[in-house]
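Below: one structure in structure tokens.
Going by the order they are written in, the chains are A, B, C and D; count residues from 1 in each one.
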Amino acid sequence: MAVRAAVAGASGYAGGEVLRLLLGHPGVEVGALTGNSNAGQRLGALQPHLAPLADRVLQETTAEALAGHDVVFLGLPHGQSAAVAQQLGDTVLVVDMGADFRLADAADWEKFYGSPHAGTWPYGLPELPGARAALKGSRRIAVPGCYPTAVSLALFPAYAAGLAENEAVITAASGTSGAGKAPKPHLLGSEVMGSMSPYGVGGIHRHTPEMIQNLSAAAGGRVTVSFTPTLAPMPRGILATCSARARPGVDAEAVRAAYEKTFAGEPFVRLLPEGQWPSTAAVYGSNTAQIQVALDEAAHRIIVISAIDNLTKGTAGGAVQSMNIALGLPEETGLPTVGVAP
Amino acid sequence: MAVRAAVAGASGYAGGEVLRLLLGHPGVEVGALTGNSNAGQRLGALQPHLAPLADRVLQETTAEALAGHDVVFLGLPHGQSAAVAQQLGDTVLVVDMGADFRLADAADWEKFYGSPHAGTWPYGLPELPGARAALKGSRRIAVPGCYPTAVSLALFPAYAAGLAENEAVITAASGTSGAGKAPKPHLLGSEVMGSMSPYGVGGIHRHTPEMIQNLSAAAGGRVTVSFTPTLAPMPRGILATCSARARPGVDAEAVRAAYEKTFAGEPFVRLLPEGQWPSTAAVYGSNTAQIQVALDEAAHRIIVISAIDNLTKGTAGGAVQSMNIALGLPEETGLPTVGVAP
Amino acid sequence: MAVRAAVAGASGYAGGEVLRLLLGHPGVEVGALTGNSNAGQRLGALQPHLAPLADRVLQETTAEALAGHDVVFLGLPHGQSAAVAQQLGDTVLVVDMGADFRLADAADWEKFYGSPHAGTWPYGLPELPGARAALKGSRRIAVPGCYPTAVSLALFPAYAAGLAENEAVITAASGTSGAGKAPKPHLLGSEVMGSMSPYGVGGIHRHTPEMIQNLSAAAGGRVTVSFTPTLAPMPRGILATCSARARPGVDAEAVRAAYEKTFAGEPFVRLLPEGQWPSTAAVYGSNTAQIQVALDEAAHRIIVISAIDNLTKGTAGGAVQSMNIALGLPEETGLPTVGVAP
Amino acid sequence: MAVRAAVAGASGYAGGEVLRLLLGHPGVEVGALTGNSNAGQRLGALQPHLAPLADRVLQETTAEALAGHDVVFLGLPHGQSAAVAQQLGDTVLVVDMGADFRLADAADWEKFYGSPHAGTWPYGLPELPGARAALKGSRRIAVPGCYPTAVSLALFPAYAAGLAENEAVITAASGTSGAGKAPKPHLLGSEVMGSMSPYGVGGIHRHTPEMIQNLSAAAGGRVTVSFTPTLAPMPRGILATCSARARPGVDAEAVRAAYEKTFAGEPFVRLLPEGQWPSTAAVYGSNTAQIQVALDEAAHRIIVISAIDNLTKGTAGGAVQSMNIALGLPEETGLPTVGVAP
């Protein structure tokens, strides 16, 4: 019998991507769709690519609307998930695509988000050590941020294998959908096409403590992260260029071996053959993360590049993958590994 | 038992898209992959988005390599399909994504393609009147051109219903993948980004006689087509702006009614609600055609806009849809109707 | 002594482009900059490409702020120009980049713009017959719309030479800056990149009566125009595909000869050599219009393609060109004819 | 009397950009244009944006063709400049936009370029300490690489002021024109649109030793550089994200002060006001470099972002700026500081 899933925030980019994936998931039936400012509108007018749901009408995000589902995906503004989750009860699987339950450290949360800490839920990046066990059977999932997904997948093997010093430098380029669907002047097509620009520079981006949390857990000690996000002229995709000083004596073979071992058997991480490099185009619309690694001999730094689709593996795909694990479904169900290219 | 399919021209854009779709088709198993100039290379190096086939190696396009399959998709340069098809025998389903067998009129073929006419196969645009019957059980399919797909879907209902004069004016914008993967200076990213440009202007584009053939069949008389293609700064998609003078007395209601009737029940054509217009983004990677129609009262012209993905509904999706019909599988099997957006 | 110019609406795209051009104009000094919602802000925060004016502060658009200038460029919402112009007095050259004074027919104005007709000013498309004489010495200029600029340049020679039937069919693709800087969801980069979409279909776009006005004047009789605009994934540029049935007996030589004669000596219109086609990339940032013409023999239609930069020749460049004429300066002063490519 | 300039490699991107700038330079007359594979073709067919030179015909690159000019710009493949320069004689100003004469260290040259070292010419990045003095009156100029321009401007002030440790980590995103005009599959529009991808990872990109040379000179000691270039879906522009550990005790005020002091009075470098960040769109087509700096307190790293147009400040603009200095013309002559945006 199909699992019945509701999506709160169905008019946004995360909500739309969850729906795209659920429409291809053989074990899920799409139930209520909610979205406050767009309540009463047809989904076809807001998400014209979701043809099979075009005539569905958005409801307001209330406990009543979301009641009676096995799974509820939350694509809400930061700070709103706790109240909704509480009303849904403990037997419903709540998958939060917002940030509210990602950070374990309340002080970090308050510093970067400026509001009281709501708590911590099992973290939906199954490839991290121990993550699958925590997700299995859970009825609460905190879906990682898109940048932390790309960065953690790229660097945790180096830290887990003791290859890197505890100081990472990261630059990532994101497609504009990562900035959401609320119209702002700097996100206009006229402004972003033909333009690369940074934002949140200097260690102030909210995804920084989440990266530190994940990499420090892998390293068994505090990792310093200098993270610079940039906005790229493309709708989707994250390309993360991550590096860390190699520990003394570490060579290219050791690095490659650690990555091959870590990702052997992972259905959604593809360590590329040597000499081939990731691109966001190759993972467009798929739940695959492409990874490649090199040792810069002169600078003695490990360089790891990862490419993901920020909306798929970086948000909604990670959410569905984690849902599968929580519900005991085969982890790959309903998740494309093939990108839409060119 | 799964149908076994080979793809000749697996390194090109049409071949890659067929493979993307076949990987999601529950009734098909991917067999031999061939490609002459790239024979011996790993598919992963040429089509990095096709992760599950990354380690497959391309063979040369020979009868031996293609033997032993139930279906063979041909993504070959014009003029090469006939020889290959002949060697494959009559019991194999040959789906030609090239132009060789699209035109019924040998003189048209020779005028526009400059080579002897190879013949005519059942035409793989199932939505056209009579097409499904011709495809059913056939072992040969001529997949339509991408522009003729977009244009014929847009205008055939007006001609079939007797609403339009036999003179159509069409401008279409295509993504660059329509121009293929062979590197040419004017197709460089540096040249196409930020640029719209026409080509094949003045009735000389090879897809023109194919449009005339389809629209004339619907009209029951020769339709004149003035067609101008343009290259748009996007990888995929065709937006066709099609118009024809309305016959005297035709009003907006009659036009809308004809389109609603024609496309009722079509799984891959979506006539949008009034007031909503097609976009190529909404059908990105899907086999859906979005259609909208209006009557320009002052000019008394019927304006029809269609949007398709040139590689999916316009090539490989149409090919798989037609294959399903030919093989007696449910027509929608393995074909996405949901676009990848934003 | 330099002409002193103020710009009302300096934070918008038209205003920004006028400033870009005026900064390179040897006879103009940039005076007051106004913009209501942004009054009090530094121009550098709003138009970061205008480096030399970065520290200028926007004022509110009042008669006081605009007083004391020789020229005032108005980049205001429709309907606001008349009141401002009246306050400026008759000796100031007012160059209106809005629509208010373009149409001669009050009924057309009211039908398409829904407000009372403000009047008619000399029309700033100098290449049209008689336009330069009307602009010379004028203290009021109505700058044409961007689409009417592209379309009128493309088709008026055919009508003036009596080559075309009075029925034109036009499809044009515009860069997103044509839609302005006010943030709206469908103009987000995430929505427009990778997408072509139409709007204002069916004869309802406001630029239609302006095209009819210009082409009818050239034809000496009412020309019917069926116009479909589309939004293209690029920041700037218009590619207009224009066609009209050729009159009986008209051949390709006659068409070419008419265009060569019309544009001989025009500094900003470049009729391309036969076989070469316009592109928006080639005129990016320049005041040049590229034109090419062909006769579709089978459909007996004249096909004319024009490419302009919608912000330069299509708005601010046309405005400066017309200003030069009005002030008695050499027409080409300060106007680039070289595009920024690739 | 105008300086007469020839351009070798006029059909390429660097050559085309030099011509665009020279056409707007009041002291230069454009002389011979050469280009081997395109010799005999009209420039209008190859560089359609250079309208005033459309009817010029390319010659072969020979000493005869280039003789009789005051300045010769070389846009040739690596390794070809020395032979041409030798034939031109010592009184002609030769401006090499290739790499041949950039590196002082012959071993570095041979390691990264694989050919014998041709020598070292005065380095055309006038903003570096001592560079203007070396350029003044010189008859040979080595124009810097595009990445080294962006990176050196970003980081040399930190090193010159003793603020940073001698270990820099740099990620840069470049528009596709940086890869040149030779058609290659991975540079097709279909491949690059919507895609970010790295290349030359692991310290192997040829611009790395040039960065090390410049930063080490500023630091007064060997600086290690870990450099990762990426290809971005835009035709022009470089956004460089550069960082280096701050020396102990360095604070944000000291960093800002050093940058303000360094760039005060520089006509082509714009240190943005605090809180505003560079974008490649803002410098499109201009010779301006936008710079911003921050101190990441937690990671104790200085983060500097620079944005340039790779073809203008990064190649041809830097070449013309250096030519102006060498010839004793005002440095800013003919060089736009205003970008073409949006």
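The definition used in the following text is that contacts are C-beta pairs under 8 Å (C-beta built on N, C-alpha and C of every residue); 3 or more make two chains touch, one makes a residue touch a chain.
Keep in mind that this is a model prediction, so the values were computed, not measured.
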item: From chain D, the most remote chain by mean C-alpha position; value: B
item: Where chain A and chain B are represented by their mean Cα positions, the distance between them in whole Å; value: 35
item: CA centroid of chain B to CA centroid of chain D, Å; value: 45
item: Residue list for chain A, restricted to those that touch at least two other chains; value: 13, 175, 177, 181, 188, 190-191, 193-194, 233-236, 279, 281-282, 284, 342
item: Chain-level touch network, classified as line, ring, star, complete or other; value: complete
item: Complex contacts: residues of chain D adjacent to chain C; value: 13, 16, 20, 23-24, 42, 44-45, 47-52, 54, 177, 181, 193-194, 235-236, 270, 272-273, 276, 279, 281-286, 288, 290, 336-342
item: Touching residues (chain side chain D, partner chain A) in the complex; value: 167, 169, 171, 173, 175, 188, 190-191, 193-199, 201-203, 208, 224-226, 228, 230, 232-237, 239, 241, 243, 277-282, 284, 292, 294-299, 301, 303, 305, 307, 342
item: Residues of chain A touching chain C in the complex; value: 13, 175-177, 179, 181, 183-185, 187-194, 233-235
